[in-house]
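Chains here go by letter, A, B, C, D and E, matching the order in which they are written, and residues are numbered from 1 within each.
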Amino acid sequence: MSELLEAPAAGSVTAAPRNYEILPKPTDDGEVGGDLLEVAMGPHHPSTHGVFRMDVVLDGEQVVKLKPVFGYLHRNHEKIAENTTYLASMPYTDRLDYLCSMTNNWAYALSVERLTGLQPPERAEYIRVITAELTRLVNHTCLVGFLLQDMGALGTPLMYAFREREIILDLFESLTGSRMMCNYMRFGGCRVDLPVGWLDQARSALDGYEEFLETFQKFLTENEILVARSQGIGVLPPELAISASITGPMLRASGVNYDLRKVDKYGIYDRFDFRVPLGDHGDVYDRYMIRVLEMQESVKILRQALRDIPGGPIVDPKAKIRGFRPKAGEAYGRIECPKGELGFYLISDGSPNPYRYRVRPPSLINLTVLEDMCLGQTVADAVIILGSVDIVLGEVDR
Amino acid sequence: MLGEGIIKGMAETARNFFGSYHDADRMTTVQFPEDRIPAKENARNFPFLVFDGEDPAKGLRCVACQICEKECPPKCIYIVKDTVKKPDYIGKLQFQPRVFDIDVSVCMSCQICVEVCPFEAIKMDTDYEFGTADRFGGLLLNKQRLAKPNTYYRKIHATEAAEVDERLAAEKAKAEAKAKADAEAKARAAATAAAAKATPTPVVSPTAPAIAPAPAK
Amino acid sequence: MQLHHYLIFSALLFAVGLAGALTRRNGILVLVGIELMLNAANLNFIAFWRFSADPQAMQGILFVLFSIAIAAAEAAVGLALIISIYRHYKTTNLEEMNSLQG
Amino acid sequence: MQIPFAIIAALTIVAGIAAMSLRKLVHCALCLALVFAGLAAMYLQLGAQFVGFAQILVYIGAVAILVVFAILLTNSSSSLLPTVRSRSWVFGLVVAVLVFATLVKVILASSTVAGRSLPENPLPTVKDLGTQMMTYYILPLEVMGLLLTAATIGAVIIAMQEKKPVEPLKPGSAGAPPTHP
Amino acid sequence: MIADVLNGILLMLWRVVSDQPAPLAALLPALPEALRPVVSAVLCVSPIIGVFATLFALTTLMERKGLGRIQNRLGPNRVGPFGILQPAADGLKMLTKEDIIPRSADKLVHFLAPVALAVPTLLAYAVLPYGRNLVPLDLDAGLLFFFAVGASTELAIFMAGWSSHNKYSLLGAMRAIAQMISYEIPLILSAVTVVMIAGSLSPAHIVARQDGFIWGWVPHWYVLTPWGFVGFLIFTTASLAESNRSPFDLPEAESELIAGHLTEYSGFKYALFFLAEYLGMFAISGLGVTLFLGGWQAPLPGLDWVPSYLWFFSKLILMVFIFIWIRGTVPRLRVDQLLNLAWKFLLPLALINLFTAAIWHFTAVWQFPGALLLRWLLSAVMIGGAYVVLGRALSPRKKVSLRTYRYAT
């Protein structure tokens, strides 16, 4: 894989060591050590994307220290999964990154399939690619909307984004029964087959989406304020990105060519023709643009998949719903979810419950470099840098 | 970078502003209590129990096997088995749940109970209006509130229900054929027995449920 | 309404400003006292102009306008000095600024 | 005309005394703004429209704000001042009272002041003022512009502080805990 | 006596409606001497408060509806037909809400801040000419008065931010003051351009100078000259910043500072802030209309029969609509960019504009054919060139530019 990494070899640069000590007790005004002001942004703050807290120390408007605090949404996901059956964890994975339940399902299904050797049939693989790429569209659209909201564009981009998201969510609903908590994939396939006419609906949704992307880009990408607000802000150097194991669009925005769809070629991604956009600066604007360009590539993949999808069964006949007991062993399945590398590590001891269940959440790991990106920027920048990292607290806290 | 981008953006918003007045497609808002989006065929919300015929007490398909209770991820189902067996829709003697409660404040609408149920007894409802002033009692659905007729199931999930009905009908036909064959065999045996003047054989008991009920906690 | 009402009022304001400038320890407040004194003087100019025989001669008004401008400049520079002294001594108390080198 | 004058004068003096004696600096600054407003009202009452508005614009809009900014920047906004008065406060008070007494005595004794009341002459318009300023008083005006420019630059240079680039605290420095394993 | 008064009231109302001079003179002689000043003051003040409070209610509705339409939503439509009564419902909600004062707040200053904001804002309405004969207070130095009371709102915002004893409030207030002081300069300088050309500080006089039509149909408004157009742009930008509207809504930047200096306000005090903010926006838009858009003058010849105040208010609403439109489109600037824009772009541009206006003024003596066109072109080139140069300097090509992206092979 190392030949795929265009950046210098990892290991030479490490993230700045954190100094998380409690600051000297502030005065009445919250002023710390003279001119510094300590502000706890969150957990109830309009722009922390859920119950996330940034303890920032400000010198004027400049951030001199930032301590991410999370765990407010901790729901014991991993421990619950170790105490329940393999299948019963599937709906819980929906709730990790609640914007992209399909890819979460896929990653979990993939690792169980690695554990048991189940092989999804052709049609199921296509459905998985289609739903995963639709999920990527949903996620990136939302992210762009939220990012603009953080920049203060009073809801308009967000509303446009949500209108398009709605169309895809409708597709999900008619396929899986639920708009967000899809709970669709099963070990060795998918739960139900596509309803009649779904593919046509998907195609027409895609046509609308291309138009939307075009207008959205016209509307935003050239906007001077957006450009001025986001260029040169929150720069993440590729060396640091690699050594902090950042993945996903954030890593690619720093110019590192690493996309699991190309690297692992899981599922049937080797059959599709798509490109991986790379940024050169690693700033907020690059992260924004990489996502916009990825959406265009996703549309390309979807076109091919919707054209080529074959008929046939959707579940491996060996898969069973009741009494599912994989043989003892371990497996790690990972996919390129919209936020980065999402992996599930499972150890089975032959019982109906996994012995060990561990999630590699891209949101959490991408969040670790937040302070490095925010130091020296202003509060307003810290907010959009957080927005450009693209976190969902359900996944960060699990 | 001298303001053209902003002007382009403003043109775009103006287009949307005026478009919203003449282009009905842009306005995706559905004004909820008056207008509703018809539920999708696959839509799911909370589970309900299917019964055949008119009488929920009689026709309930659930046999209190408690698989769903065990598989339910958030453990929102609570079942107490009845002590006496009643005949099910085929006429087979089965246990029925004495208590079947679903706490919809805990339920996460995942449909796992539906998937694991071997008897097509629990299905997903599309009703979502569960608002109540009583957050404990009002959201704890009991057997009476959960039981809904098969006709309702056919109404909300037509395709799926048709498949299920077909499968059940086939099963029923098979069971009836088997019962007939059994009866014939019995009659034949009785005849031979009578002929042989042997001792009477015991009554054939109904087949046990496919899966043993879960042990008590 | 007579001229000496205004003059006594402005004298009172001047005295208040003077008392403040002389009795407060905080550098900012001393500046505030000086501003009060300047304002009191301005009022005198306006009063004399208004009560003069020929208000068409506008020396009074113009003097006050110039004086307002100077006061603004004075305040800007004075406060800048206080801020820079504060950075050095970490205090605005004039009595603690008692050494020429820090 | 007596009553408005009395009200304005009383308000202004009370605000002035408050500005010089309150313990919270921000309160002092707000009272100062009140004094400026009262003086502006008095200018208007005297018919000096332009000066009155200029007083509001410059004093409330700029000087009071500057004072407030200085208070915030010197970090003394909320803390009560430990000691209000300087050591020589009795001396200062005595001097002020003496000055006031002298002034009053002089004003009351002056023959040019005593008993003079408002003349009935028309007041100059803004246009007259502008004409005067641009013709007869052009030199002071230009000098004033120069002074303001110099003062602005001077204030900026004095108050400017060089920015250090932000660096995270290094491990091992004072108070830094061991880094995460 | 009573019949006289009634007659006077009716005559006064008729004169107001039909745009005739001296409406007050119709009523006052019928009243006893002692009552006259009081009545005339009340009659000047109450319509302003009434009309602009109604306009405020309508604007909040229009804003929400307009933003909704921009975002392809319906906007409020539940209270009354088409949501017309939504402002009333909002107002009732505000008034019945609990008034929460933080325990550590400075109670007196916290209470006074909304009042200190609302009063100068209302005062600013005194000098605007609403119609041909509707000038509440025709001050010789009216414009200076307007800016003076405008400047005194800054202190109120500081009071709100400081007294709340909340970090967000304080940060918001500091931002607000920095922003308002910075943008006051281009605002005043762009107004000074007009003052220089019109030769008066009195708004009524400035409107009167924009009378008449060039070539019989192009109105003689200052916005239609190159310097006037750029002045109007500067004025609009600065007034957006002065009234804390998007994209200059940093003091209340929701995504950073919750609600800035308003964070700790609730109930009636919040409503008062809200009202003052909108009233400030109307006042400054009204000034923009007066200075650049010809005030109450009709846009085309032959439309003089329409009452002049209708023209004023339609222009005012047009400006407010533009404000809403901008709010629905652009993201927010950052503090340093905001100040850079004021000091490095708007201020020099306003100064160059002043110079251009001076040239326009002095070339007015040209009489040869095509002189107007030549003047127009000359000023347009001057100010347009300055715009391009300053704009380029503001966003250096190296630092900020549109980018192209590469793809991995």
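One rule holds in what follows: a contact is a pair of C-beta atoms (placed from the backbone, for glycine too) under 8 Å apart; a residue touches a chain by one contact, two chains touch by 3 or more.
Being a predicted model, the structure only gives us computed values, none of them experimental.
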Inset, instruction - Could you tell me which chains make contact with chain A and chain B both? - result: E
Legend entry - Between D-E and A-E, the pair with more C-beta contacts: A-E
Legend entry - Chain centre separation in whole Å, for chain C relative to chain B (CA means): 85
Inset, instruction - Mind checking the centre-to-centre distance between chain C and chain E? Centres are C-alpha means, answer in whole Å. - result: 34
Legend entry - Gap in Å, rounded to a whole number, between the CA centres of chain D and chain A: 57
Inset, instruction - Determine the centre-to-centre distance between chain C and chain D, using the mean Cα coordinates as centres, and give it in whole Å. - result: 6
Legend entry - Shared interface positions of chain D, touching two or more other chains: 50, 54, 62, 69, 75, 77-78
Inset, instruction - Return the residues of chain A touching two or more other chains; collapse runs of consecutive numbers into ranges. - result: 28-29, 34, 156, 160, 163, 221-227
Legend entry - Multi-chain contact sites of chain B, meaning residues that touch two or more partners: 1-3, 6, 9, 12-13, 16, 28
Legend entry - Contacting residues of chain E [partner chain B, same complex]: 66, 69-74, 325-326, 328-330, 387-388, 391-392, 395, 397, 400-402
Inset, instruction - Over in the complex, which chain D residues touch chain E? Could you list them? - result: 24, 26-27, 30, 33, 37, 49-50, 53-54, 56-57, 60-62, 64-65, 68-69, 72, 77-78, 125-127
Inset, instruction - Flag every residue of chain A that touches chain E in the complex, lowest number first. - result: 6, 28-30, 37, 39, 45-47, 58, 61, 148-156, 159-160, 163, 221-229, 231-232, 257, 259, 262, 275-281, 285-286, 289-290, 293, 378-381, 383
Inset, instruction - Could you pull out which chain B residues touch chain A in their complex? - result: 1-6, 8-9, 12-13, 16, 28, 40-44, 67, 71-73, 108-112, 115-116, 118, 124, 159, 211
Legend entry - Parts of chain C lying in touch with chain D, wherever the complex brings them together: 1-9, 11-26, 28-29, 31-33, 35-36, 39, 42-43, 46-47, 49-56, 58, 61-62, 64-66, 68-77, 79-84, 86-87, 92, 94-95
